[in-house]
Structures are given as structure tokens and as C-alpha cells.
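Once you scroll down, you'll see the structures, which are given as C-alpha cells.
Common to both upcoming complexes is chain A, partnered first by chain B, then by chain C.
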Partner chain A sequence: MTGAIRIGIGGPVGSGKTRLLERLLPMFATAGIDTAVITNDLMTEEDAERVRRSGLIDPARVMAVETGACPHTAIREDPSANLAAIDVLERRFAGLEVVLIESGGDNLAATFTSDLVDYWVFVIDTAAGDDIPRKKGLGLLQADLLVVNKIDLAPLVGADLDLMRRDVAVARPGKPTIFTDLRSGVGLDEAFDRIVRDALTLGVLT
Partner chain B sequence: MPPDRWDAELAWLQLHDSAFPSGRFVHSNGLEAWLAAHPAAGAEVIAAVIEAHLRHNVGTLDAVCVAHAYRAGSTADLVRLDRLVRAHKLSAAARTASESCGRQLALAARRTLAPLDHDEFLGLVAAGETPGNLAVVEGVVHRGLSIGLARAVLGHLRSAYSGMLSAGVRLGRIGPLETQRRLFAGAPLLVELAGAAVETPIDGISAVTPELDVYAMRHETTAARLFST
Partner chain C sequence: MEVTAILGFVTDDAFAGRAVDPVDVPWGDARKHRQALRTAGGRDVVVRLPRGSFLADGAVLVEDGATVVVVRRPAEDAIVLPFADNTGADAVRRALLLGYLLGNQHAPLEVSATELRTPLLTGPGTARKLLEDLHLHGRVDTVALAAHGWTNTSADHHGQSATHGHHHAP
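Presenting the complex of A and B:
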């Protein structure tokens, strides 16, 4: 395929999608991968502004997309607003290799369509309940990579990480899951390696 | 009805099905900002605002241009028409809504509707060489699928109507059943506007909805919003 590889980052509100972006951006930069970002904020340009101001990436490489109160529609049934944003970024930055697309915070059934992304990550939060893997939301079942984030909070909310590991293994046979604390960076290298390696097998990043 | 006409009927349904991915659902054409400024407005008033938008904007500008695009003799005529439509879209929001939906329709149509694979005008839109206003693209797409002219114009109006009502539903201000009641009762209005649009010469186009336009412009700089326009 031509154009940049598109990597989706989805998951419920507040699970750590933007934090993951912010953590990955310097790693992509260090690896010399030409990257841009699209955020699908629900209501404001809050996340886009946060990434622009972070100093982690040229602000011109960050675009915000509104989703008409339907964050799942914008990544699934009708990704046209996101496709249009990708188009703008690809025209603006000729050597673009990766576009990271953060979906608006949504429910466990939200999935990215393959018409929009080549690869996608679903981020959940241990503090939202250690029973989430058992709920078998489509996002969790189908994502190329599951990130179980905020493991630092697990003891504080009584979330059983071993139980989550077992449930995730059952829910996602053969698919990778990484447990992270994106505040301290635990699991981050593994997540980055996995994303880049799987992007490589797509034959796009060389 | 001969079988080939059924094909055209089905194509017409497909184009105006809200599932067709042309990005309409992220546009409220100023309605989001208008609703925010009129927190007490009920369904009656909201429907009146939407109908005014149809009567004095979509019906008199876009619908007319759908018909002219449909009848255009050449790609060069379409490009000229496309520029003319842009010139009549006064706010950035109006241009964004018209051009982004048109462009997305062109891209989706080229990828999914075989008779349009090699359409020259849609190719220019896809290449970013002409703005690709929705009205012009719709005229081209309907003609390319052998859908009748009157249906093309009516479909455009109907989608504009249902799209605005749907924005009202998603903003929590009109019920979905109320919306369907309005859509059904609005049929004579749509037919009337379509009939007038196909008769209007190109120098008769206009778009005069200052109130919604002002709200659409305010919306451009609103920090908290759900819709693109």
C-alpha cells in the first residue's frame, strides 16, 4: 500500500490513550520515524492542544477531528473525516511514515475499521475494573494489541492483575497484550517494540 | 418499471442512506451553535430553523447547482460551477461542510460505485484540483448512476433535511420519532423546493440565512464542540 501506516489508539474515556501517544512520540522520533497525530476529541481540541503544546512533535503535525457526538462512527462506519485528515497530513509532509489516530473515548465495543487503520491498539485501565476482559467487548477482542494500563493503580482499587492476565489470555488467544504503567513507563518499551515490529511485518516501515 | 430503472432506484437509496460514508454526520451547519444559544427552543422552533435553511440556502443554492452539475456539458463546465458554488459559500464553515462532504462522496463513490471509477470530474476532486462541493459532486454522481434529474435534486434536499434533524437528535434536542414525523410531513416542502430548483437558472442562485450563518461562523471559533460545523 502507499502512504503512511495508520495506527489507531482506542479505548474508554480516560484509559490513557493520549498518555500513550505522548509516550510513543519521542520513541518514534528517536527511531527516526516520520510521524503525525490525529486526535478525535469528543467535545474540544483538548487532546490535540495537549499534544501540540507538549513539545514532543511539530504542532503542524497534529490535527483534531470532530465526530458529531459519534466517536465510534468516526473510526468505524464512516471514517471520512479521519481519512480526510490523513490526506491533509500526507500532502503536507511528503515523507510521512506513521499517523497515530487517537479515537474519542468510547465504550468497549468500539473498533477501528480496516478502511481507516492498518493496525490498532486498545487501551483499558485497571482502575476501571478487573472484570473488563471478561466483558469481552469487541475492542478488546479484536485489537491487534491490547494495552492494560495504570497497573500502578491496581493495588489501590483492589484490581487483581493475575486474574486480568488469565482473562485476557482467554479473550485474546494468540494476540498480544501488554500491561503498562504509563506514568512511570513500565511496559512502554515492550509496547513500542511490538507496534514497530508489527508495523514492519505489514511491510510498510522499512 | 424496467429492471435497469430499479438499479437506479436502489442506487438512489444507497446514496442517501445515512450509512453511506461521506462524512455528513460531523456537520450541523451552524445548528450546534444556534442550539447552544437557544437553550429553551423546542422541536417546533428547531424544525422551523432547519426548514428555513432548506428554503433559503440548500434549496436556492445547492439544489440548483445539483441540477446544473447534472446537466453540465463538460468537465470544464463542472469546474467552473464548482468555483461558483465556493464563491457563494460565505463562511469557512459553509465551505468546509460543502467541500469535505463532496470530496468524501467523490472518494467513496470512485471506490465503491463501478460506473464512476473513471469519472474525470471526480478524479479532479480526488486529486484536489477542484474544491469538490457536495452539490456538484452529487449532480455528477447521480447522473453517472442513471438516476433521474428530479430525483437527484430531491435526494440532495432530503439528505440535507435528515442530516440537520439528525444533528438535532444527537445534540439531545429533538426526539428520533419527532424527526421521522417531520421528515414525512416535510415531503411537500422538499418536492416544492426541488421543483423550483430544477427551473432556476444559474444566475438565479442565492443563499440567504444570515442567522444560521452567523452561528456557523461563531462555531468556527468555539472551543467546545461536537460537530465540525
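Presenting the complex of A and C:
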């Protein structure tokens, strides 16, 4: 495979996609993995600006794509704007190994095309309701990794985590799911290890 | 075992007489070029194919002299519309309306010379009602989907299809 490994991060509005990026960036840096970021938003560079200001990564390594309307269009129907951004990053940073691509917040059916990404993560959160895994959106069913975030909020909103664990096991047979609190970092190491193993090395020692 | 190229199809002469160890790849994973799979026989297979690869039913991923690891598309929930059960000008009109609705659902379509197959993206009751409302003779069923690729998806518009059995005279 030529060029950087491309990892998609999708999921509903506010589930924690940018927070996951912000948490992963220092871990990629520590692991010596040359990384860049593309964020997708409707009509602003809000998330890109946030990541640039975070101090977690060289701001030149963060690009924004404005999707205009439905965010899934830019990650599935017509990924050309994201592909163009990848192209710019790969030219700018010759040793680039990983590009993290955050989709704009979308619905449960949003999936990434394999023309754009090599691996994709879907992030949902417990505060949006413990019935989400039973609603079987394609995004949740087909993602390479499902992250169920904001487990710290589960008791506050009456979300039953055991029920969610059972429901995701039924909805995603054979596919991994990790429960996280990205505010405190619970589950983060597991998510990082999983992504490195499945997206970067696929269990093969390199 | 690492797969970096599809070796051929199980029906190729080269694989005659080999034992087959199938690996189920549902339609949603068929276009994933990087994934870890476990075969029915318990082998772990790591797929690292070029972007744009498609894991078709019958594709040979591994061969070790005695055994071949072969992609198998499992049966999944689907809407099936046999064309022979829906003939005449009015059926064309109604089938077009169905196609429009499926397109709005971003549903991928597998259109052969004889029938339409598309994944069930709603509950089975809603899909049956949809067919009923359009007076189309189809069914909700579990069948293998995109065994050899999609005719159309919301993302590809090449109209390429291995199952397209209809040729136009020039």
C-alpha cells in the first residue's frame, strides 16, 4: 500500500470524535508515528481550529474540509475533497504514516467508503441513550471499531451499560467494541492498542 | 497468514481437488481491503489488499498446497424483486418508484438479468409494506448479497457489474 494509512472517525454529533483525536494524538506522537489530521465540518473550520490550537500537533498538519450539507456525502458518496486534503498532506510531509479523518457529526447510518479510508472507527456516547446499539445503524454495525464513549455519564442519564454491552455483542458479532470515558481516559489505552494493531499492523509484526 | 493478493477463484483449474476452508465475509465487509478474518476451520487470515479490492464470493485468499481459503458470502436480510413476477408497463413504473426510494436510502443495488437484490435497511414489516403499497411482487428474504459486486452503490457510478447478464446491440 502506498502513502499513509487513513483512519476514519465517524459518529453522531457530539459523541466525542474530536476528543478521541485529541486523546490519540499524543499517543501516536509517543509511539513515533508520523500523523496528520483532517476534520470535516458543515461550513466552518471549527474542529480543525480546535485541534490546531490544542498544541497537540503542528498546526500545519491539520486540514479542514467543509462538507456543505450532509457530512456522509464527503466520506462515502463523493470523498474527493478529503482525498485532495490527503494528497496535500502527503506532499507536505514526506514521511507521513497516519492520517486521522474526522467526519462531521452525522446519523447512525453513516459509513466510510473504502476508497477514502483503510479502517474506520464509529463513536457513540451513552448520554444519547442506551438503546442506540439496538437501533442498528449501518455505521454502528459495520465499523471496524465501535467506541461507546462517555461511560462516566451513564449513571447520570440512567443508561444501562450492561445492556449496551449485550446489545453491541449481538449487533457486531466478531467485531470489537470499546467502552471509554475520554474525559478521564478510561479505555483509551485499549482503543489505541486496538487501532495500532488492526489499522496499522493488523496483528503482523513489522 | 497474510493476504496481499487475491489468488483466483475457487472454480479455477489451478485449485481443483483442494479442500476448501471458507471464510464468511458479509456484504458490509466485502470492500474492506484491510481486515482480520477467521475461517470456518479456525485459521486467522490477515487481509492487506490494495485499495479498491473486492472480496467476491469464491475468491481464493490463501492456498497451501492441500487447502484453499475461500471467501463465502453469508445469507443476509434483503429485499428480492424477481423481474419475471413484475411485467408490463405499469410494473416498470412501480419498479422505478421503488428504485427512487432505495436510492434515497443510499441502498446499494445488485441488479442481475433476472432480479434485484438489496440489503434490508428498514425493518422487515416496513419493507413488505413498501412492496405491497407499490403492488410489486417481491419478498423479504435472507440471501447472499453482492456475491460478485454491486451494480450500483451511492458511492460508485461506474455501472460495473459481474452479474449484469444483459448486452445491448451496438
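Methods note: the second predicted complex is superposed on the first by the 199 of 206 C-alpha atoms of A that agree within 3 Å, B and C clash if a C-alpha of one lies under 4 Å from a C-alpha of the other, contacts with A are read in each partner's own complex, and residues count from 1 in each chain.
Criterion: contacts are C-beta pairs under 8 Å (C-beta built on N, C-alpha and C of every residue); 3 or more make two chains touch, one makes a residue touch a chain.
These figures come from a predicted structure and were not determined experimentally.
Of the two partner chains, chain B is the only one that A:67 touches; chain C does not reach it. Of the two partner chains placed by the overlay, only chain C lies in contact with A:119; chain B stays clear of it.
Of the two partner chains placed by superposition, chain B and chain C are both touched by A:77. Once the two complexes are laid over each other on the shared chain, residue contacts for A:44 go to chain B alone; chain C is not touched. When the two complexes are overlaid on their common chain A, residue A:184 makes contact with neither chain B nor chain C. Contact with chain B, but none with chain C, is seen for A:91 once the two complexes are overlaid on the shared chain.
Judged by the document's definition of touching, chain A residues 77-79 lie at the interface with chain B and also at the interface with chain C. The residues of chain A lying in touch with chain C in their complex are 1, 72, 76-79, 109, 111, 113-115, 118-119, 138, 141-142, 144, 174, 198-199, 202-204.
Per the touch definition, chain A reaches chain B in the complex via residues 42-45, 65-70, 73-74, 77-81, 83-84, 91. Chain C makes touch with chain A in their complex at residues 2, 28-29, 31-36, 38, 44, 46-48, 50-52, 106, 121, 154-155.
In the complex of the two chains, the chain B residues touching chain A come out as 19, 21-23, 25-28, 100, 103-104, 107-108, 128, 167, 170-171, 223-228.
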